[in-house]
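Two complexes are shown next, each including subunit A; its partner changes from subunit B in the first to subunit C in the second.
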Partner chain A sequence: MTTAEKRLGTVANYVDERTGAAGWMKKSLTKVFPDHWSFMLGEVCMYSFVILLLSGTFLTLWFDPSQREVVYEGVYEPLKGLKMSAAYASTLDISFEVRGGLLMRQIHHWAANIFMAAIVAHLLRVFFTGAFRKPREFNWILGILLVTLGLVEGLFGYSLPDDLLSGTGLRITSAIIQAIPLVGTYISFFLFGGAFPGVGFIPRIFTLHVLLIPGAFLAVITIHVMLVWYQKHTQFPGPGKTEKNVVGQPILPVYMAKAGGFFFIVFGITAFLGAVASINPIWLYGPYNPGQISAGSQPDWYMGWLDGLVRMAPPLETHAFGHTISWNILIPALIVPGILFTGMALYPFIESWITGDKREHHLLDRPRNVPNRTALGVMSITFVLISLINGGNDIFATVFDLSINQIMWFSRIAIFILPPLAFVITKRLCLSLQRADRDLVLHGRETGRLVRMPSGEFVEVHEEITPQERWTLTSHEQQPALELSETDSRGVRRPGGFKNKIRVRLSKAHAVSVPKVTAQELKEIEHH
Partner chain B sequence: MKHLSRYRRHRAAAPLLLIIALLGIGTTFNVASATIKSTPNTFSRSAAIDEGKQIFLKGCSSCHGLNAEGGAIAPSLIGVGAASVDFQVGTGRMPMADMSTQAARKAPVYDARETAALAAYVASLAPGPAIPGDEVLNYERDGNTAEGGELFRNNCAMCHNFAGQGGALTQGKYAPTLMGVEPKYIYEALITGPQSMPVFSDKTLTPEEKLSVIKWIKAAEAEPNLGGATMGRIGPVTEGLLTWVLGLGLLIAVAVWLTTKAR
Partner chain C sequence: MSAVSNEIEIIDDPGAPAHVPRAADLNPRSEKRAEQQVAILFGLSGVGSLLLIYSYVFVADDIFIFIPIMGNQNAHQLGLGIGMAMSLFFLGMAAVHWAKTLMPETEIVNHRHEFRSSDEDRADFVKTVKDGVAGVQLGRRKLIKRSLAASLGLFALPPVLLLRDLGPLPKKQLEMTSWKAGTRLVTDPGNRPILASDLEVGSVVQTLPAIAEGTERLLSDIAKDPVLLIRLRPEDFQLTPEKFAMTHEGIIAFSKICSHMGCAVALYEQQTKHLLCPCHQSTFDVTRGAKVIFGPAARPLPQLDITVDAEGYLVARAPFNEPVGPSFWERNSQ
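== the complex of A and B ==
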């Protein structure tokens, strides 16, 4: 043992005698994590959250969350002498007079955009690979909670500077709140402290934005990650990988080095964007004034699809008993996202009800092997993309020389037609890919090498795939559809006949697959 | 001359003569065209009206009518004033290239003299807004940037976007960008209300306020990109695009690189 090792040992011993950490550390530091690029999307979320905490703390040091009216006397000439809220004036000061302030603002905003994008990408990865299945259903729900928190946190964040664009967003927010039947107007009055824009909303959302929601985030992220730690990470199927093991790198040293390095890369890319690309140039928007609006007022991208849904809603209103129900806002801004998010949160339970599969799963699905789920995912993406495009309809109209009305009508029709179409196409594609896998296992890879046989016949040489590849392509299980008889063993009709009928039909649709190659078939091939 | 004629069969003679001839023609053309350019100062009002009428009959009357009374596809020009003609013809919007939803700005068909003649002819039909002179357009002296910004956000931003980048209107029409538009044309657009744009009379926006708006637009045009590349100054749509393409794109590329097995 060298002196350095001895010294380290003394320190470790000192800590261990007082905390008893050695046992836990020994177990944890050798914990194994599987390697795949898509498993790092969650890390991007976590690292951008850390960047958000750091840059956000910096911004709070100078930001004045008040709607008190002040006269701007700062350095930005085109706004000099104008009346504005202290929130807006202090954001201008952060941008132009605080050293590094604009860079920090831009890093904070880019990090928020990347945070949400990474969350969505991570969510899609978990969905398409079936990583939400037992025992990870709770963690899936926590993930949905994090998306929802992120949406609200982002909305509050870009609303704080009280510029013309963010004020326009708050105007719509208040309209959405008012669209809640019966209580909407009261809630809006309470939240805004009177009629819009009021004087209380910015200070209130400031407290929520910097204290309550980040606190909730920290708590939920901690549980989210601890559950991954406790339940162990899922892995893609492959030789040597089973439901009972985890194949990968131990956390020390390689994984830790990679993950630690990746944090700095995420920070670096975010800082790079903050340094070279302008985001939310509030000085150009001007101070908020309810009488003003700019052409092309859009929310940030993660709210854009909601804006797009509201933009495509036809003007439907009901007046009854002295109340107005604005269906044109209620349906696109509250009911549709409500259904989407509830459906997303419940999906693991819905799927296991359909398949009747109550077993634990630690091996991931290749998306093509579960065509129904993959098609449902692509269908949802299509729905959101159409909404998102309609959310930017005025920008698309000017950039691509189109009519805003045509884009709106396209979206109104496409939102009903394209998602189901995407479902059907994706399902067919998945089945085709399964068929291709089957061909690959049975006949090997086409080499493009033509050989002339002694008989004069030309054949293309097929190269056999490796046993490892063959394992990867055939190890998945193909669960048969549920069969529920209408009567029990004694011939008595079971309750819930209609429910069972639906369940059986869904299960049948879910189980549609190209039969994978069996061991028997492989043996026969080998004899040829 | 004898010593010159000795060289007439020299190798350099032909190219030299060609160069002299070209120089001669060029100089003559330059002098001649310079004389044409200087005429607008001297040609009289009635001569301009006559010339404008001739141009009008040739280039405009097929749509606007022989007496500018308008027709099924084009409005009457009686009373629109010289400012309207100067704006529409000077920015190349008229004559229209095609009957699409909106006349787009393009290279003008008529030169300054012809445009002035057309304006004089249309102005002679009935009184209307006149072309603002340089004295009127002194926005640097008479305008106020901050006030102009506030007026712009109150009156213009809902169509032309917060930074004057333009925006979409209904049915494929649009409010064009204001970047790079000459102050004279902005002023003329304000007082004549071309296409979908409303007229901003001197009661709605006083001449000083119009100049403030112009001064703010010019300030926005000259403003350096303080936060880095702006991607069009059109708000969060391009920011979202960059987030996914460059931000997440780069991060995924790095993740792929980090998880590649060493070979």
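== the complex of A and C ==
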């Protein structure tokens, strides 16, 4: 034993005698993680969160979260002598007078964008591969919670500098709150500490932004990751992989080295963006003044789709009994997102209700093999993308030389037509891909080589695929649709007949597929 | 595979493919090369750290250098950023390259177990809970049960109550602005009163209500008070007689605060005589009393009744006759 080993041994012994950690650690360190590029998306979320914690803490050392009015006396000439809030002035100071401050601000803002992009990508990966199925429904819901927290955290974050752009965002936020029937005005006055813009909002969202929400994030992320650990990661189907095993690299050393390295790579890329790509140059916008506005007002992209929905809403208000209900605000800003997020959170339960499948699933689906779910996903993405495009309609109008009216009307119509269309097209595409898989298994790969048959006709030579590939293409199960008879075994009509009818219909739609190749069929082919 | 619901015969699992060793596993020269590559990557990370330190200490923040594509760049900022990016990125690359080329890469198989507890454990658990609950005897102790419920209900109130002082009650604040009969319209910025005769046809002026010398405007007032003055030819208007009476010789005054969500309606198109809100593109036709002709806003911009005082300066004849800005539940007018 070397001295280093001896010393480590002493430490390990000391800890283990007091905690009994060795047994657990031994098991954990040989824990297996399957490898696939899409499994890194969750890691990117985690790493960008750490980057946000580090860069954000740096910013707190100089940021002054106060709406107190000050006169700017800093080095940035164009704003010298102007009245502004201490929050805005200190953000200018961070940008121009703290060395590395601008870099940290830009890293922080880029990390926020990467964080949200990674969360969305991770969520889509989990959705399209069916990783949310039993036993992972809890983690799916925690994930939806994280997206929601991320939206709020990001909104609060870019509102902190109190510049003209973000102040406009807060104006809109307060209008949304005010639109809530009955209590809206009160909530708005309480949150802002009076009539907009109030005196308390920036310091309050600062506390939420740097303490409460990161704390909530930390708690949720911890549970999320612990559940992944405990339930073990899912894996893609393939030779040697079953519902009963996990195949991959052990934590020590490979996974640890790769994951640790990957953190620094993500951090490095974020720093590179912070170094070369300007983001949120608040000194160009000027301090917030509710009587002014900058043209082309845009929120960060993860809020942009909501803004797009608000823009396309019809001008509807109800006036009755001395009260006003603003449908033009409530529907796009609260009701539609509410339905969307609730639907997302409930999806695992809806799907298992439709399929009647209550078993555990650890092998992932290839998206094409579950056409209905895949189509639903693409439909939702289409919905959000149209909203996002409309959120940037002023920018698209200038770039593509269109009128804003054209884009707005396109969006208003497209939001109803394109998502269902995307559903139908995706479903068909999935089925053709299944058919292609089937052909591949039955007839092998096209080689492009032509051979002349004795009869004189030309045929293309097909190359047989490997048994491994064949397994990958055929090992998924094809669940038949649910059959619920209207009557029970004694011929009595079941209660809930209508519900059952819907369930059977949905189940049928869900089960549509191109029959996969069976061993029987392969044998028959071999005999020819 | 056991869990196949449809009864077709499936193809056999050929099992995991055989392990293919990497170059560095077979060839000592490749191994050496991989080792050197890792060392170089670590070295580049070090160079990045040094670049950062150098830029922090020695590069002044007013030096600009020309970089192709990016144009003129601040050398201090760029040095800090690129240095930091390099020091992080190459550290990560080194670790990953090391893991990929040199660390053992054989795959391992772990086994999964169903999460459901055994029937015995479940039964035991249910029994434990039942016993525990029985010990509490809530069923028998009605008095305790009711007082507990009551106290828990009350217990929830104080935390909510404690938030009461977050802000004042709205009262009538959303319904009121600083405009009163006789308030002069003054330019923003500049705070100068405006002679009606100085406004040319086609011109637009942003105004605020005049305030006493030496007082400060509150931001919450600036969020409600701004008014846009626009002068057209009187015959350009298509207004109801009441609304026309609120104009003065072709000068019409609207709240600048969008009736949708309260942004400043800042864009005026001379030819079309439309006001456009940059937030969600609600468009208001000035000639028709700021009627909404496009976008999500549901109401015209409130119009301010104006006239001139004895000296010819523009003043409000009356306060706004409806609340300005976005709608809210208590708002009681069309």
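We take it that the second predicted complex is superposed on the first by the 516 of 528 C-alpha atoms of A that agree within 3 Å, B and C clash if a C-alpha of one lies under 4 Å from a C-alpha of the other, contacts with A are read in each partner's own complex, and residues count from 1 in each chain.
As a convention for this text, a contact is a pair of C-beta atoms (placed from the backbone, for glycine too) under 8 Å apart; a residue touches a chain by one contact, two chains touch by 3 or more.
As the structure is a computational prediction, the values presented were derived from the model and not from experiment.
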Contacts of A:G248 with subunit B and subunit C, given as first, second, both or neither: second
First (subunit B), second (subunit C), both or neither touched by A:S432: neither
First, second, both or neither for A:A118, with subunit B first and subunit C second: first
Greater residue coverage of subunit A in the superposed arrangement, subunit B or subunit C: C
Which superposed partner A:G193 touches (first subunit B, second subunit C, both, neither): second
First (subunit B), second (subunit C), both or neither touched by A:T10: neither
First, second, both or neither for A:A275, with subunit B first and subunit C second: both
Subunit B versus subunit C as contact partner of A:T60, first or second or both or neither: neither
Overlapping contact positions on subunit A, where the subunit C interface meets the subunit B interface: 102, 106, 258, 261-262, 265-266, 269, 275-276, 289, 291-297, 393-394, 404-405
Residues of subunit A touching subunit B in the complex: 35-41, 44, 77-82, 95-96, 102, 106, 110, 113-114, 117-118, 121, 164-165, 258, 261-262, 265-266, 269-270, 273, 275-281, 283-286, 289, 291-302, 304, 392-395, 397-398, 401-406
Touching residues (chain side subunit A, partner subunit C) in the complex: 30-32, 99-100, 102-103, 106, 135, 168, 171-172, 174-176, 178-186, 188-198, 200, 231-232, 239-250, 253-254, 257-258, 260-269, 271-272, 274-276, 289-297, 307, 310-317, 319, 322-326, 328-329, 332, 359-360, 362, 393-394, 404-405, 408, 467-468, 470-471, 474-475, 477-480, 517-520, 522
For the subunit B and subunit A complex, residues of the former touching the latter: 101, 145-146, 149-150, 153-154, 157-163, 166-172, 174-175, 216, 219-220, 223, 225-231, 233-244, 246-248, 250-252, 254-256, 258-259, 261
Residues of subunit C touching subunit A in the complex: 1, 3-6, 8-17, 56, 61, 70, 76-78, 80-82, 84-96, 98-100, 103-105, 107-112, 114-115, 163-164, 166-170, 173-174, 188, 206, 208, 219-220, 222-226, 256-257, 260-264, 266-267, 278-282, 292, 294-299, 325-334
